[in-house]
Structures are given as structure tokens and as C-alpha cells.
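For clarity, chains are labelled A, B, C, D and E in written order, and residue numbers in each chain start from 1.
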Amino acid sequence: MSFLDQHLLSSLILLPLLAAVVVALLPRESVGLQKLVALVSSAAVFLVSLKLLGGFQATAAMQFKETLPWLPEYGIAYRLGIDGISLWLVLLTTFLTPLCLLGSWQGIEHRQKEFGVFMLLLEAGMIGVFCALDLFLFYIFWEAMLIPMYFLIGIWGHERRIYAAVKFFLYTMAGSVLMLVAFLVLYRESGLRTFELAVLAQSPVPPALQAWLFAAFALAFAIKVPMFPFHTWLPDAHVEAPTAGSVILAGVLLKMGGYGFLRLAIPLFPQAALDFGPWIGLLAVIGVVYGALVSLVQPDLKKLVAYSSVSHLGFVMLGVAAFSTVSVTGAVYQMLNHGISTGALFFMVGMLYERRHTRLIGEFGGLKNVIPWYAAIFLMVCLSSIAVPGFNGFVGEFLILLGSWSYDWRLVAAASLGVILAAAYVLWMVKRVLYGEVTNPKNEGLRDLSARELCVLVPLVALALFMGVASPLFTRTIEPAVAGLVEQVRAQQQGAPSAAQAPVTAPAPGAVAEGH
Amino acid sequence: MDSVTAVLFYAASGLALLSAMAVVAQRSPVGSAFALIVTLCSLSVLYGLLGSPFIAVLQIVVYAGAIMVLFLFVLMLLNVKREEHQPEGRGVGLLAGGLALVFLLQVGAVVLASTLQPGSPAYDASTARMARLLFSPDYLYVFEATSILILSALVGAVVLARKEPR
Amino acid sequence: MNPALVPHAVLLSLALFVIGALGVFLRRNVITVFMSIELMLNAVNLAFVAFSRSWDRLDGQVLVFFVMTVAAAEAAVGLAIVLALHRHKDTLDVDAFSLLKG
Amino acid sequence: MPNLELQPVLPALVVALTGLVVLLATAFTPKGRRAPALELAALGLVGALAVTFRVAAHARGSSTGGAVVADDFALFFHFLILAVGLLAVLLSPAYLRATGAERGEYYTLMLWSVVGMLGLVSARELIALFVALEIMSVSAYALAGLQRDRVESQESAIKYFITGAFSSAFFLYGVALLYGVSGSTRLSVIARAVADPPAGSATLALLGTGLLLVGFGFKVASVPFHAWAPDVYEGAPTSVTAFMAAGVKAAAFGAFLRVFLEALQPLRQDWQPAVAILAVVSMVLGNLGALAQSNLKRMLAYSSIGHAGYLLVGMVARGPVAAEAVMFYLVGYAAVSLGAFGVLAAIARDGREPLSLDDVAGLGERRPVLAAALTVFLISLTGVPVSAGFVGKFQLFTAAVGAGYTSLAIVGVLMSVVSAYYYLRVVVAMYMREPVEGVEWAPTGLPARLALLVSVVVVLGLGVYPGPALAAARQAASVLAGAL
Amino acid sequence: MEDPLLNQLPFLVLLLPLVGFAVLALFGDAIRDEETEARKSGGQGLAFRLRAEGTRGAMLIACVMAIGSFALAAWSVARLLALPADARFYQPSLTFDWISVAGFTVPMGLLLDPLSSVMILVVSGIGSLIHVYSVGYMGHDPERVRYFSYLNLFLFFMLLLVLGGSLPLMFVGWEGVGLCSYLLIGFWFKKESASAAGMKAFVVNRVGDAGLILGMILAFSALGSVDLLELRLGAEGLAPEAFGAFGPVTWVCLLLFVGACGKSAQIPLHVWLPDAMEGPTPVSALIHAATMVTAGVYLVSRLSPLFALSETALAVVAVVGTATALMAATIALVQTDIKKVLAYSTVSQLGYMFLACGVGAFWVAIFHLFTHAFFKALLFLGSGSVIHAMSGEQDMRQMGGLRSKIPWTYWTFLVGTLAIAGIPPLAGFYSKDAILLGAWGAHKPVLFGVGLATALLTAFYMSRLLFLTFFGRFRGSHEAEHHVHESPASMLVPLVVLALGSVVTGWGWERLHMGEALNLVLAHAEGHGAHPSWLPVLATLAAVVGIVAAWYAYVMSPEIPGRVSAAARGLQRVLEEKWGFDLAFDWFAARVVVGGSESALWKRFDAGLIDGTVNGLGRFVDAWGRATRGLQTGLLRGYALLIFGGAVLLLSYLLWIRPA
């Protein structure tokens, strides 16, 4: 166990890899064993990841750090570490993966072995992205993750899965390769001969160059988020992906965009981040409203949820763009919230799909008559998604809006439209799916949630509620990391509000400006 | 002496040039082959004039003798007829000619502009000296390696040309 | 020795090289094409001899020797390929060998 | 008789003699019995590897009068080329049997081609280099045309041969011009001469450089000297294609590096932009061309043109990083192309060609290991981690960006995205489609399995732990004068 | 003086309904729907018996929790009243925070003071009555367990709303009651109109909530706190220039008022409330009349110190309130659905309360809120009793002459009608009088005039309702007439209790000097002007005129309404179309938002432009790929030419173009 303690993060990456190998080596016929091994090992990874909570200090410092020389000539090393931001994203990943495996117990009907392998590989990759403190390492995980996801969509997806998988892959790759070039330019410019994030973040890059590099980074991350107008891969990918794929995609992968902004783009290019901030904020808010409006008119449940993700992550990006301690903390929190509530939504849509083999809203109606438990939980998940206070979403959204107000109150005001529209598109969907009489005879004999499905959903709903009520348990560790980040970045920006000036205590400039 | 050399040089050069053009201009492959033999022989003269008797002899024996006979042999074997008229050749010909001209002018100008040594009169290219150089450590291995070259060519030729018992 | 001989020989080699190249483009009989290439190799040889003369070094001639060997080897393989192909296609027209394209 | 140093040519000698032995063994095997050609060839190559180890240990840096050397650079490529030869030999038997082209001479020719490659990378003198080039090529011409009942094979041979001889003439003319400038064919002498050329000869040297570039450009299949590659790669027997894509390219780049970074280093300012242009057009046209292909072999051929472009990017960059990046990439690329073509060879039963996407549809379900291997190779070709291809591209682009050629890196990565599209199509077919009716795949033979396994291990190994290979490449590159 | 118990009691008040909800929600399924079971087992068997007992038990639990909560609330208030007036502030708080980030902290803290005391009494009191009433009214609904669980949940959130010590915590209750309202309006979810109404209610409320969120944020940014008490301090600490006509304080107030408009159904966000009558009638009584809809009034009163600082905000509140009062009253004139009349009446009365707020008479607003809770709950429950008697019929044109058939209902309903009409000495008279007085005293004659007119209209349409329902002869079918029956005791007891309340609360309020008690926490204009003695008389006169006119038109000569509407067709149309608000909203929602999103945003922009660009890029690259194939002619001579051309270009480049 001492290896585990010494190399906790490495273990979190290696364990799923190891499990993937084991599953791959299991005989092809013993499907049950394959599924079981995958599930148990991912659950074990979750348990191990809980150890992170035990040893974590609520400071801004990187913790559980590990360094192993790798390509010393290039200044590349295997550098891992987490702070309050990545901690929770890692936990989110380890939390969702076993649920996905459990949730796909029956939905995946062929090639279960490969499914388990890819899910575990994906998990390792995702954890790696959140732990990497070296640009090279980050990029490796970032790109490597594409492959299992690509397979998940392409093999187990629905009708247009191939188009969606390829689109997903190309879109993401197109964004990230330019980021790779930006890495290299940064490497050259810094002259430090290292890819260590912390070191590079301390070395100033000329402002003119910063803009270009930041743009390259921002493109990669904006596609991943996805920010308007780089979002069109998302509905396709979501709709066509199998349930587990959608859950992971929405739950974790999309978070990497925002995480990338926070971890890489902004600290590395603070000045450019300051200059581009308003544009990012604007796109974010457009995304909030646009995503909600388009979501409103989707006939397909998954597409609706997918566009709602565009809207939700617009909030996150607004918080990131505003870049105050409160707004960024809110953004990180909202990432977790979105992972849980949208993850749960995708699970539930998937469960419907397993029963009816359709996702069209028009095919349903009156389901509350037939499957009341499903309906009740579905409603709760929806409420979480539209940020009803008491659920998790509200805390995140509120913090984002609160923290962004002094950045630009107009953006906040516009974003609040998203709050309204969210209720509209979600509740309209709820109405069309759950309420009314059962008009479609195919819906009559549906069975309600099974015990296995409850095992998947209950933790999610419980967590959604818990996070809505006990947010300080989470923000306690997020905030110091964010505060440290904000301070570090602000110190390098010219013409930015200084970090010492807490943006929340002083009357907002926007508020006074409103008086005219 | 100098003028004789010069006359011979330019005569052989002219012949080489003309026969080379004939190689390319002929429709009949056999004609081309004979024109090429003429070119090779005129080149041999030039080699002699440039003080390389060994190469001059080799040129006649190996090239004009062995290699060209091989060509003619294959031509006879396959009973090759004249090429048919090529209607589409004009554009390609123009393009090729243009490129060739550009190439010629460019490189020619550079060659003319460069100041090449005329070489000393005491130039010794005797066969003995050639042999010493060829078997010096510098070229011995290369020389030996040509055996592999020839062998592989042989094996390749046999493999490719052999009629397979089906 | 006439100082103009060396550059003129090089120029001649250049001309022969280009003529050979033109032969490759313009002739359709594969054996003629092949002979054009031989012409090009000879042009190179001439250049080597000329440069060898210019520098008073024999390496150039050694190279010519090797080029001839190579030419012989190429002739063997090349003609064998031509023979084999002729068996399939019953033609020597290079334009007929365009199964592989695009 | 002068004192002869045999060490530098010892590996080549072993391979050459093995070729001879195989030839004889084939000739003297009674009709109806299989000659132990494969075994002998493999044994010989293993022996050559062992000898190379010995040379590396005891006679590093020795040379035969300066024409042929066994420096670190040469030894690096020796290992690479011998390994390529070995894997190519292992990949061959099943394919040859399936396509009815099983012949002892095949191995002989392949071995002698390897001899040429070995000479190519260890020559420090242009005459030796040229002869080695021709040994490699002549055998390759013959190998390409080996499938006598496939007219494509014959056609590819004639195309390869004519264009090869044609470009050889250009190469030779370049050698002649450099000889005219320096009076020698030794790289070191040429380097001195072009650094401080005799009056009026500076431009001549430049032309010589240009013509050499044509010759090397042809061998490495760079646009616009690439046109032979798709046809030859498609037409040649697949195992030969694998051998060519890996071996010829590696050896040609070895010689390319040595000549340009040693003899022509002083002219770097002049040829660098030209090579940059070649790199860009190769990357763009190679990848765009591959995009439109439905024949897998042809697609990989085009992609190989694109990869030549990537490698040229490394040539453009300055400093030791560049050379070592190119060398590292060559290792990875050799493994990948051997592997990829090897898989195609493994599934092309009964000589059924051309191979289209339909032929691999459903491979992932029916032959998971084979499909997984091909997937790994394709991933590496795309340049996605974790693979040798990614690390290689990373180094190439680092070098390019470091040398100020950021635009090259941008073109490179964008073309990687384009390439992802056509590589993914193969993966899609393998994993996301049902097998086409009537397509069956024979079991893969043990030698081929071994070869593919090694390729996979190398590709992944270099992707995860590139350090040692990179160190070796760096040490090898440090020999070159220009790799400062 | 301290009362430590008061640091715990409010939490208990909250806890009981929450526990009730949790128990019913989690175990509700086991005791749900015994009718299905009955069908299966033929009404026999232990399982059926258990289930039947279970539902009864569930209802019992719900009622006990509600009543217990009321008892605890009453106890708390009693203890609070025992303290001296200036010590009546308690801020009980849990040891952990709800939100705490970088200086922004929302503790789990409540606020118990006279204002919240009044509110928790009203909420838990009326809530308890309605729980009891529901046992009778909903006793046979197959999903009554779910119903009672929602009811308990509502009680929890409503109590949280009024007890919450900071704006965000209050907002939890605020959205929570909205949620319960959504659930209860759509309780009969099989009915298309019910689920649609629920959704509409929530979405329209969300508009207000968005304003409320922004208001909270601005409050924190500008005033530095979201704590209800500190907010006032923050406002008072502001520099004088911050109080401009449109200074931050004004904006905070206006944004919060947007929230209030949503919840309390003020123009233009009133459209959801009439539709909300799709819910069960007790729900309408509790949520959409007595408690939830008054949350806006509570909010404005709670922040009265803030509102009092901004003339602009007060003016907006007053104008919106008055306009709403008048508009809703006019619409109520032509409604035929008994509950719709009451709904518009509620909107109107809420406008009245805002009028009170707007003229600075915040305690009066609470006073009217208090009395209104009684008589409007009474009227709704009464109408429920009528509907119950009519087997679900709600159209007044199908009723008539019920006076004798359901006397208890009739009498209590009469009390309610008189109370709302403002006939002394009933409760409505006192509070309405106080409002008019406030308007007069604030020198707002127009507001006063409109208020008076509204009082007259109120008396008229309420009397119309009364007469149409209970007088004349029965207009429904014979069968329906046969079924008419008086409601069970569980329904009648609440009616009686509420009727008593409607009678005495106005008088009692005055007697107990509740206004003065409230003024300790509410802002109030000092030194009202004269207290003209003609005012109560005038108000009463208006009420009497209204009643008499209704009597004349609907009892004496029932043909009059037809003649009037024929004479004023335009006006009739306008009123029947509810001044066009619903049409405008429907048009906006269906055509602009949904239609625009579908055709313009999704189909044209998203799929067409963005995705088209992306796919177009792909096709573009692909086309180039095909084009490059053309280069590969397959002709050897072409390849050689390409090499030669390349060589020529390369040499030319090296000779001429290369950088110096």
C-alpha cells in the first residue's frame, strides 16, 4: 500500500490501464466476467481516489506531486499533481466511470469486452489530463483520450455513429494540433527548455505573441467546451454515442475545455487572457442563450440535452472569462454540477432508449402513468439541471453570475435569460415526455426502474442534492486553488483589477455605471 | 597539335550532338539504337582527346559493344516496330522543350560563367594509375561491391525474364 | 591544352543530358526511352571526364568506370522487366502502362 | 596490398554472403521441396545484427580509407536497416505463398538490397554512395516486378525502373558538378570546397546541390519527385512495398542527412528554403492525395509521400535536434509502415488485390489482434499519442519551430488532421462495419505474427519511452558536421 | 433578555413538514393507489387493507406535521411576543454555511421577527386548515399520498421563504414554492391543460426569478451583503449620490420587484395565475391565494427600508400594483369559471397590496395580506365545496340556487364575499380602508381614485359570483342537480374557522396594535396626513353600491348583463381576451421564441451555416484531394516530366529566388 500512498495519482492512472489489460486478456466468451472485472476495478479506482480527499490540504499548492524524468533533453518529465480544481474533476471522473459501466450493463449488447477496455482506457486518459503538470504530458493524455472515445461512439453508437465519431475526432484534433504548435512556440520563446507548466507560467511571453498563442489554446479548448460557434460536433456526438459515452462526454470530457483555460491558457498568457476576456465572455453568453433556444426546439431528447450542455457550459465559460475568485470557483463548481446532472440526464435518456429504442420526444408522453419512479427521478434530475436552489446547479450558476457581475454586468444580465429559458426547454420536455395520457400504445407496458438502474441514479441524485446544500465542503478546497490562480494571473496582467481588491466587497463599477 | 585537337574535338562533339538528336528524333527504335552507338563512339573520341584513353576504350568495349548489343538483341527478340504517330504530343513537346531550354540556358550560363581549370598538360591517366586508384582502399570496396550489383542485376533479370513453367 | 575544351565538354554534356531527357519525354517506345536514359548517363560521364581533366584527378574517371558498370546492370534488369512486361501487354508503348494511376 | 580495414563493411558482407547462400540453397534444393530460404535469410540478418553489435563495441568509427565508415551515424542506420530487413523477411513467406510468388531469389534480392542500404548510410564518398544506391535500387526494381502474373507488378517495376534511372542521372549530374567544384567526391573535401569555393564555382555548387536534391527527393518520394511512389507501392508485392516504404526511405534519408549535413552544410542557407518548400508540397499533396484513395495500399503510399514531407521538415530545421528528430522519426515510421503494409499483406489472401475498405470491414470483430495492430499503426501514422508517430512528429515540429519555421509546423499539424480523416476510414471499416459477404481472412503465420508484434511493441514503446532511442539518435547525429 | 429556545424552534417549524414530505415521498409508493390493488384483489385481502390504512396514515402524517408546525410556530411567536418589543429579533443559525466563497457567505440562518411571525402564523395556520380540508376534498384521489407529500413540501418551502435570513436562502424557499406550485398545478398531469399550466407558471415565475437573482447579485455588489438585516445597513451606509433616481438602490429594488411581480402575479407577469386554477382547489386556496402569491408582497415589505430609500422604486411598485388591481378586477367581471373569478380577484387584491407598499404603507400591505389570506382562502375553499357539490363543475352558468342545498357553504361564502367587498366590520373593511387611507395620506389622489373604483368593482364581481352561484334557480342538468350535496365535516370545519377569521381578524389586528409592532421592522412614513373620517364611509359606500348593482343585474333583472355586453361589444371582447396579455405571450412564446429558434437558429444557423461551413470545409479538402489524383496520370512520361519540371523549378529557385 505504500506505493499507493507515494504515487497516488500514478496509481489512479495505472489502475484503469492495468484493468484494461486484464479485461483484454480475459477469454472472449466470459462476457459476465469481463463486465464484472471492469466494474469492480473502476469501483476500486473510485475508492482509491477517495484517498485524495483524506490527504488533501485546502491550499493553493499542487499536491500529491510526482516527478519522473522522461525526456530530459526537452525538459519533459512525467509531472503529476493536483490542486483544488483538478481534485474534484478527478473525483468526478472516478465517480462517473463505474456508474457508466453499471449503467451499460445491459445497454451494450455486443463486444462488451472492448467496451470495458475502452472505458477503462478512457478513464486513465481523463485522470491523466487532470493531473498532468507538464505540457507534453498533458497533450499526450489530451489526445490519447480521443481514441477510446472515438471507438465508444463509433462502435456502440446509433445510426449515424460513424459520422459523429469521425466528426468528433477531427473537430477535436483540429483544435488541439494548433495548440501543439503553440506549445512549441512557447517552448522556443521561453528559452527555458522545459515543458513544466509552473515554470512556463512564470516566464513572460511578449504580448503580441501571447495573443497568437492564446488564440491557439483557446481554439482547442473552445472546441472542447464547446463554446459557440464551435459546438456543432457536440449534438452529433451526444446523440450518436451510447449512453456511457454521452455521460462521459458530457460529464468529464467537456470539462476539459474549461479546465484547459484555467490550467493552461490563462496562466500561460495572462495578458492575452485579459484582452480576449470580453470576447470569450460574449461568446459564452451567446452560447448560454443560443444553446437554450436551440435546445427548446429539439425533437430528440439527447439532442436537447446536448444543446443544453452548450448553454450550461456557456455559464462556466462566463465565469472563467470574468476570472474573479468567486466566478471561477463557481465555474469549477458548475463543471461538477453539470457532470452530475447532465450525466444523470443522459443515463435516464439512455434507459428510455433501452426500453423503447427511440429518443424522439414525440414518441413519448404520459410516461408518469406507466413508470412513476422513473418519472420522479427524471424530474429531480431535470430540476437539478435547471438549477433550482437546493440542487447543485443553483450554487454554481449563482456564484458565476455573482462573480461576473463586476466584470461586465451586461453579460450577466444576458446570461440570466438562460436561467429562464432553461426552465422552459426542460419543463416543456418534461411535460411532453412524462405528462398527459399515454397516447402511444408502445409506451404502455414499460417497466419501471430496475434495482441496477436505481443504483446508478440514486448516487447521482443524492450527490446533486448534497452539493446543493453543502457546497462549502467542496468550495473549501476549490477556492484556495482558484484564489491562488487568480492572484498569480492578475499579478502578471497590466491594467487588470489587482487580486488584492476582492471583487466582491467593493461596489461594482457596473452598478454605479448603471445610474447613468 | 592544339588545333588538330580542337578540330577533332569539335567534330566529334558535333557528331555526338547530331547523333544524340537522331536517337531522340527517330521513330524506329533500331535506328535510335544505331544512332546511340554513333554517339557513344564520338564520346569515346572525346574521352581520348580529354586524356582518358582507358575510359575511351572501355566506352567502345562495354558500352557500344556489350550494352548496345543487348539492346539490339532485345529489340530483335521482340520484333519492335516503328512507333506510331503520336497526335497528342504537341503540348507535351512544347512543355518539355521549354523546360529543357530553361534547364540548358540556366545551367549552361552557370558553367560558362564558372572558371574551370583547363588542366595541366602533364595529366597522367594511364591505365596503371587508374588501376592503382581503383584498388586503393578508397575504391576497393566499391569495386568489390559492384559484384553484388552485377549479381543482383543478374538474379533480377533471370527472375523477371525466365519463362515460368505454369 | 585548349582552356576552352573543358567548359565546352561540359556544355556538350549538358546538351546531351537535355537531349536524353527530351527523349524520355517524347519517345513512346520503352526501349527508346531507356536508350535516352543511357544517353543521359553518357552525358554525365562526359562531364566527369572533363572535370577529371580540369582537376587533374582520376577520381572522375573511376566514377565513369562505375557508372558504366551500373549502366550495364541497369540494362540487364531493365530489359528483363521490358521482356516480362511485353509478355503481358504485347506492346512496348509506355503509355500503355497506365493501369496504375490516380 | 594496403592494410585493409574490414570492420566497417562486415555487416554488409555478412548480408551479401547470406544472399549468396540463399541463392545457392534455392538452386540446389530438389524440385518439390521448399528451400530453407526464409530461415537462412533471417539467420543471416540476425547474424549481421550481431556483427553490427560487435562493430559498434570494438570498431566504432573505423573506416576504409575514408570512403566507408562505421561511425555512430552509420551504425544507427545499420541497426535500423537490418531490423527492417529482418521484419520484412519475416512478413514475406505467408504473403508470397498466398500470392504464388514464393521464390528463393526473393530473399536474395531483398538481402542484397539491404546490402545497398547499408552501404548507402555508411558511405562518406559519393562514388561509393552512388554504387550503394544502385545496388539497393536494382534489387528493388526486380523485387517490385516479382509477381509475374500480376501485370500491376510488372508495370510498377518498369515505372520504378525508368523513373529511378532517370532520377539517378540527375543525381549523377549533381555529383559531377560538385566534383567539378571540389575535384573530389569525398564529403569532407566537398564541404571544404563549397564553404570556400574556387572563384566562379559557387553557383555551380548550388546547381550540384539542387540536382542532388532531385535525386534524394526521388528516393524519399518527395513531391514533385514522388509520382512513382503511389504506382510502385500499389503495384509491388505488398511485402516488398513494406520493405521499400521502411527500408528504402530510411536508407535514402540516411544518405540524404549525411550528404546535406556534412558536405553541403555550408550551403545550408541556400538549400534550406528549397527543402522547406519541398516539405510543404509533400505534406499537402501527399495527404490530399491519400484522401481520395479507396485502395489501401495506394492510400498508404500517398501517406508515405506526406511522411516524407514531415521528415523534410526535420531536414529544414537546424541543429542536432533536427537530425535526431528525423532519425527518430525514421525508426518509428519504419516500424509503422512495415506493420501497416504487413497487416495488409496478412489479409491479402489469394493475392486478392486491390485491397479496399470492404476487405477490412469487420476485421475488428473477426480478427481482433490483427485489427488492433493495424489500429496502432494508423494511430501512429496520424500522430496521435501514445505512439512513436506522435513523439516523432513532436520532435520534428519542435525542431522546425525552434528554427523559426513555425509555418511548416502549422502545415504539418493541419495535414495530420487531414490524414486522420483517411486513416480513420480504415478504423471505421474495421470496427464499425460488418464484414462484407465472402471476405475471409486466413490465419496469420507465425513469422508474420512475430514481425507485427515487434512492430507494435516498437511503435508503442517509442511512444511511451522514447528516451533511449532518442539518445541513440542524438549520439548518431552528433557525428554529422552540420548537426551542431 | 434572551430566549435560547427561539434559536431552535424556527428550525423545528421548518423540519416537521420536511420530514412529512420525506416520509410520504420515500414510502409513498408502498401505500399508493390502493384502487389498482383493489381491482386486482377484488377489494379483499390483507394487502389491500394495509394499503388503505396506509393512505389514511399518510394523510394523517401530513396533517399532523402541518398542524404541529403551526403549533410550534404559534409557540415561537408567543415566546417572541413575551419579549420586549426591541428584542424581538432572532437570527437562529446552523453551524455550517450554505455557500461560502471568497467573502460571499450565505449562512444557514433564519430570521424571526414580528414580520416573519405574522407570516409563519398565516402560512402554517391556513396551511393546516387546508391540509384538513384536503382530507375531505382529495380523500378519494388515487394519488392523494403524492398530493399530501407535495403539500407538506410546499409548507416547508413557504416557511423557509418567510423565515430565511438572507436573500439567497429566501430564494430557496421562493423557487421551492414555485416548484411545488408547478407540481400541484400539474397534479392531474394527465390533463393536458393542467401540465401546461404548471409549466407556464414555472416559466413565467422564472422570469421574475431571474430578476430576483440579478437583484441579489447587484445588492451584494452595491450594498455588500445579502443578509436581510445587513442589507439595510449597507444601504444606509451608502454615499448620498448613490440614491439618485436610478442609483444602485433603485436598481436593486426594481430587480427584486421584478421577482415579486413574477411570484405575486403583477403586470405583466400575472398571466400564469389564472391558468394555475387547473390545480386542485385546496391548492388554489393555499398557494394561489393565501400564501405563495403573497411572497412578493412579503419580499417588498421585508426590504421596505431599502424601497423607502428610492422614490422611483416606490412609484413603480405603486403604479404597477394599482394598474394590476384595476385590470384584474375588470377581467373578473366577465369570467364565468368560478375559480377564474377568484383568481383574478386574487391578482387584483395583490395589486392592492402593492399599492400599499408603493405609497409607503408597508404594514398595511401586510395587514391586507393577513386578512386577505383568510377571506380568500375561505372563498376558494368555499368554491371548492361548491365544485365538490357540483361533481367538478366550475362554470357558474351551470349553477344557481345552491343556497339552500349547501347552506354551510353558502353562509361561509357569504361572509367571505362581504369581507372582500369591504363591508364593516369584517376583516376586509379594515385593511382596505387602511390602504385607501395610505394612498390618500401619501397625496396620491389618482391612486386613491383607482383604488376606490377597484373596491367598487370588487364588490360587484364578488357579488355577481355569489348571486350567480347561490341565487336564482339551478341552471345545470337535472342529474347534476340531483347530485348536489353538502361537503363532509373535514371540509366544513376549515370553512367555518376561516369565516370566523374573516370576521375577526381586521378588528383583532387593530386591537392588538399589530401595525405598531410591525412598524418596528418595516419602513413607514412618519406622520401621516389627516385621517379623514369620510374615508371609511366612502369606502363602505363603494362596496354597497357594488353589491347593490350586482343584485340588481343578476338577481332582480338578469337580462341586464346581456344588454350591457351587447351594447359594449368591444369592451366585452377586450375583457374576455384579458386585455390581450395571454395572446401576446402565446404569440411571443410560440412564434418568436419557439418558431424563431426552430427555423432561424437551429435549421438555418446551426445546421445550415455553422455545420454547413464545417462540412463545406471537409468537402473542400476532399475536392482538392480528388484534384490531386488528376496529377497522377499513370503515364510514365508524365512522371519523368514532373521530375524534370521539378528539377528546373528547383534550380531556378536556387539560382534566382533564394533569399540572399
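Points worth noting:
Here, contacts are C-beta pairs under 8 Å (C-beta built on N, C-alpha and C of every residue); 3 or more make two chains touch, one makes a residue touch a chain.
Everything quoted here is computed from the prediction, not taken from an experiment.
Steps from subunit C to subunit E, minimised over paths through touching chains, total 1.
In terms of the distance between Cα centroids, subunit C is separated most widely from E.
Of all chains displayed, A has the C-alpha centre closest to the centre of the whole protein C-alpha set. Look at the CA centroids: the one farthest from the centroid of subunit D belongs to E. Ranking C-D and B-E by contacting C-beta pairs places C-D first. Work out the mean CA point of subunit B and of subunit C, and you get 6 Å between them. Our note on geometry: subunit A versus subunit B, Cα centroid distance of 71 Å, whole angstroms. Mean C-alpha position of subunit B lies 30 Å from that of subunit D. Measuring from the averaged C-alpha position of subunit A to that of subunit E gives a distance of 36 Å.
The multi-chain contact residues of subunit D, meaning those touching 2 or more other chains, are 127, 131, 134, 138, 141-142, 145, 148, 157-159, 162, 166, 180, 203, 207, 230-231, 292, 421. Shown for subunit C are the residues that touch two or more other chains, namely 10, 20-21, 24-26, 28, 33-34, 50-52, 54-55, 59, 62, 66, 69-70, 73-74, 77, 80-82, 84, 94, 97-102. Multi-chain contact residues of subunit A (touching two or more other chains): 170. Here the chains touching each other pair up as A-D, A-E, B-C, B-D, B-E, C-D, C-E, D-E.
On subunit C, the positions that touch subunit E within their shared complex are 21, 24-26, 28, 33, 94-95, 97-102. Of all residues in subunit D, those touching subunit E in their complex are 158-159, 162-163, 166-167, 170, 203, 206-207, 209-211, 213-214, 217-218, 223-225, 227-228, 230-231, 269-271, 273-274, 277-278, 285, 288-292, 418, 421. Those residues of subunit A lying in contact with subunit E across their complex are 167, 170-171, 229, 231-233, 290, 293-294, 296-298, 324-326, 329-330, 366, 368-369, 372-373, 376, 383, 388-390, 394-395, 398-399, 401-402, 405-406, 409, 412-413, 416-417, 419-420, 422-424, 427-428, 430-431, 434-437, 469-472, 475-476, 479, 483, 502, 504-505, 507-508, 510-512, 514-516. For subunit E in complex with subunit D, the touching residues are 618, 621-622, 624-629, 631-632, 634, 636, 638-640, 642-643, 645-647, 649-651, 653-655, 658-659.
Across the interface of their complex, subunit D is touched by residues 106-107, 110-111, 113-116, 136-142, 145-146, 148-149, 151-153, 155-160, 164 of subunit B.
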